[in-house]
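Two complexes follow with chain A in common, the first pairing it with chain B and the second with chain C.
The block that comes next holds the complex of A and B.
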């Protein structure tokens, strides 16, 4: 069935009980994590992942996307009210959101943020839905060499992600690739790096590794930091003028549209992500305005632009994830991990075999944003108080949830040991600025790269990588990406 | 030459990679091909990283590989995250090891006893001893977490 023909049936499926309940549960957890600075989408999704194991894939995806989609807007609540962005994607919202709150226009800023977030997510989802059928046709031409080159292209994105810590980015990626070599190899029939442990025959499982790297490592960091999560002043004003904020998005619709386009395009580029999109959208709007001096002092356009961009980028980020199986961000890597534990192999075949699931995912993204924008707006003042909870109280709860959640996956204590080992590794990586996302991308793509490499060699020989046009094209794209990124990095290094 | 926390971590990674490279030679040529290439590359890069960390003067030609900070980098983000103090606060590694010991003990008792007993006990002792919270707050959170975990993992998910 055509992808477009499935839109209405999947919409009905999405609202089939208990789908909406899981969306609300996921979005509520996402809102909570979005509001807490230091925690965000990756932690929310990672902690929810083991709990979704027993659910059918449709409900699991709804819960996880619900959580992921909810973090962006909720992070703007604290950015506006107490000048502390809940997540990195809301950092630019502080520039004008907080001055607006100080002028007694917090409601207006929140109204504008909620509306531009919800509309931005819808914009991104529309673009994603339009692009998917094109990608579906493209992946039909894929075989082993293309899968291998795709994995290599995905790995080369690490260079873009790690531009500030290039060498450490490469090291983290190599570690991830080595971890992906652990266990039984179906192609060569050998067992590698098991250290005599039967548990390691299955390799390093993605979910315990992710929980350790992100949930445990962040919780330890929070606990060591002490104090309250947000060490800023408490918001004492009233929230009025919300509708004025909603209207302002339509008044400045061109600002919204341009920012949403920027967000979607940046989302498509794997590895760049939301923390960049909100700054670029903000900078673009400032640069293209005639009255630049108003920005930074409480201009509503300075709230609309970053919020539209950071919610539109989710739809864009799902394009490489769903079409090619390349996770460009931690959340997308976790999402692919969730699909794997439900028996769905991430990669190009996913779009051909499970189109209904992909459309449900898009619906979940849209409705999670609508839910968060509405509820977040109504409860914004109460939600901002969550940031005053001492970190010493939040951290042990995350520890317990992470450990029990991991155990719940397979009822294996060895999984919990992996969580602790990767927790320590993740904490050290965070402290010494080794990008953990590079390790995760390599861990996710490593298996596909190794398997398709051996399959290509066996079926076509080494020439198999260059005699097929798509494979050759992907190889050239990888080389171009690497050369440009390395040259830029070297130039910047010389300039320092 | 100076050996700090970051160089100790790089050295640990170097040794771990060296062990993996050594183990590669016990596999058949096809099975070891990719891990061996990756391992050797890893050894090379980790050696360069270690050189950059312990001997900045001797690594001038490799300056373009050194960490840089701008608004999108780890350092840049830290200004928006008062709680994410990784780039500014010196770490007490003894405390980190203590936290992981607490977690290891928690996992051990989970293994030998019943989770719903261990969870409140862990929260209570962890908060009052490691977190230095007053006992009333610790007890309240321990009870609350115990009930929440019972509802989630026992009643809803049927795990315990």
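The block that comes next holds the complex of A and C.
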């Protein structure tokens, strides 16, 4: 097998000077962008793109992959410390990461996130290498009905994660679905809820909504609450906390492994998007655990699962990108553009014509994650001290950074307005105990569900949902998930 | 404790104050610079030029703009940077609006998608008028190919016309590609059944999977599936002459629809804000034409699979005028499909 034989030679090529230099450059920019709420992988790669024009393809790929690989872990830093996902893929890390920080265990959460991210990326890269030869068939197996069923499966997770407040969870989810229907729908040609504003043609964008719901709401809440983020006197500042976090990943290795598998599979499917993988992994781990009630109150498994999934998905997402030239995300689209500027056309021939480049890319993905996680581990002790700073100082900083980050994203003032409106909504939801994450899941998946539903009807008719095995399987999985969670919560209700 | 709090508040206050002073200072510095330059009118460019790309990074137009920018800046009489800025949103409208409303000093230029932007102007309630822009030139023109999926039972145009229903995959019908396939199949009398997607790659994939039968896209996008993996069968080439790559595939002219040649194509044009002074427009146009003749630029464009088809400012303006006239004729058909 051609690809396997090249693994070692490309490894040596990868470390040929100045390769590592460009990796560190890319990863550093990626880390910075990952930490700032609003800015993320897409902005980092776009910033670096012009710089790579003059480089040879090998170094260009190293720089860009280095940057995009670094963002997923960096985004978890803010998710854990200030309950604000640094990028969209870290949203699920907030559920348990932030409660850990409140308990004074920020170091442990960061350690677990760094380890889980690095191992997740390595897992994704291994699967990518193994699956590439048959990746084509995998991608083609998923069509409109499968996309729809995945979206429905994702939505059903709302039931799992809002066990205690099911009704409020539904209300939040319906609100999210309503927001996801805003704007111009290319499939039906209809324009909804734009209130005469051209800005709303694109609907409610995920990033400003996320920043508002989490960062702004959190900043306001922290400011009112006073005190420090770590609510306990017992701050585990010592290096042992971080080390314990590292160890926890190995202690819960099955949790890690299952999440990484979920992340990789979701990454492979084009059009579903990486922002879903962390939710599905989290929900799966909660659902399959015996002691569900611990989640949401600072369970380390709740940090391991989403971080493993969101880093493993990069490996998966490269499969459709390289084999079909179909980008699964903006980061992948920019990478495709960079490849084409260098005269390399992703597509059916890529595997045959440029196997070395594919492997260099995989190495870059692995080492960018290793580098970021190492830096993260080294800094985590210092970073976790943020939770000891009085919130009256932290909150304004979060506020300003969030607004600046949003504006920097597209330089559109309307985005800032969306952030403020969602900030208000998020604060109200937090105060009255409505799960914000249900709203986010519905907002992310509503569009996909709607689009793929129409496409299924157009292409296959209503029977399309049940005549295809994968689609039917996903449907059954959804029903089983729902029946079990509802039965269980009923039983628990009776027991109480 | 209280003392400490006061101290912190003071620091925060000082930081905010210094930021404000800094911001105001910056603004004034800019103003002074602008006033200075207004004395000599012909000096251009006096600051960095913004090249607006009205779509998200990564696509063909973004690629084209990013290849164009560094060469264009090389041929400008004064040393400035051409900064590519992605302003996506509302199917190009937000980015185009930005160029339209910019100060008419030539420091804001944009890349345009014709005929897609013409259709947007016709069916959407937009504030700009494409005919009013100061056109700089055309960079490229892509040749379209109609292809069918091997899973379809049809193999020729005649069979498609006779078929009861042909599943066509495309992105929004108001896009350049969507409109092209809408008009083509309408003119041929094919019973259309559209399956719509968010982007061209998604709809091409639908045809590769066999969920759709017919696609019509620029040859560059379809080539990997036609030449390399035989997952799509080419049917028609939208050009005057057959492509050297596809010698057995008839052109649309041979099939007797030469009028479709003007409609089914994708052009990449550069324009600046309406009302830019003539001498400034001339400088932009000269630099543009020099860029088009740069062998290194031509090579880069070719590597990125974009077909160079350079024209100057006058012809570009004519292309726009013709396109607006032509598509106005198709407006009833358009409105029937695009709300």
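Here is the rule we go by: the second predicted complex is superposed on the first by the 271 of 496 C-alpha atoms of A that agree within 3 Å, B and C clash if a C-alpha of one lies under 4 Å from a C-alpha of the other, contacts with A are read in each partner's own complex, and residues count from 1 in each chain.
What we mean here is this: contacts are C-beta pairs under 8 Å (C-beta built on N, C-alpha and C of every residue); 3 or more make two chains touch, one makes a residue touch a chain.
None of the values given here were measured: they were computed from a predicted structure.
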Which superposed partner A:62 touches (first chain B, second chain C, both, neither) | neither
Classify the contacts of A:115 with the two partner chains as first (chain B alone), second (chain C alone), both, or neither.
-> neither
Please indicate which partner A:201 is in contact with in the superposed arrangement: first for chain B, second for chain C, both, or neither.
-> second
Answer with first, second, both or neither: which of chain B and chain C does A:71 touch in the superposed model?
-> neither
Check whether A:190 is in contact with chain B, with chain C, with both or with neither, and answer first, second, both or neither.
-> both
Is A:427 contacted by the first partner chain B, the second partner chain C, both or neither?
-> first
Based on the superposed arrangement, let me know which partner A:451 touches: chain B (first), chain C (second), both, or neither?
-> second
Would you mind checking which one, chain B or chain C, touches more residues on chain A?
-> B
Give one of first, second, both or neither to describe whether A:325 is in contact with chain B, with chain C, with both, or with none.
-> second
First (chain B), second (chain C), both or neither: which does A:393 touch?
-> both
Where on chain A do chain B and chain C both make contact?
-> 187, 189-190, 390, 392-393, 396, 411, 454
Seen from chain C, its contact residues with chain A in the complex are 5, 8, 12, 56-59, 62-63, 66-67, 69-70, 84-91, 93-94, 97, 167, 171-173, 193-198, 201-202, 205-206, 208-209, 211-212, 224-225, 228-229, 231, 300, 303-305, 337-339
Footprint of chain B on chain A - complex, ascending | 37-38, 51, 54, 84-85, 88, 91, 94, 163-168, 170-171, 174-175, 177-178, 181, 185, 187-190, 192-193, 216, 220-225, 227, 229-232, 275-276, 279, 390-393, 396-397, 399-400, 403-404, 407-408, 411, 413, 416-417, 420, 423-424, 427-428, 430-433, 450, 453-454, 489-490, 492-494, 496
Inside the complex, what are the residues of chain A that reach chain C?
-> 42, 46, 49-50, 53, 139-140, 143-144, 184, 186-187, 189-191, 198-199, 201-202, 270-271, 324-327, 330, 332-337, 340-343, 345, 347-349, 390, 392-393, 396, 410-412, 451, 454-455, 458-460
Chain B residues within the chain A interface of the complex | 5-6, 9-10, 13, 17, 20, 23-24, 27-28, 30-32, 34-35, 38-39, 41-42, 45-46, 48-49, 52, 63-74, 77, 80-87, 89, 91-92, 95-96, 99-100, 103-104, 106-107, 110-111, 115, 119, 122-123, 126-127, 130-133, 137, 141, 145, 149, 152-153, 157, 159
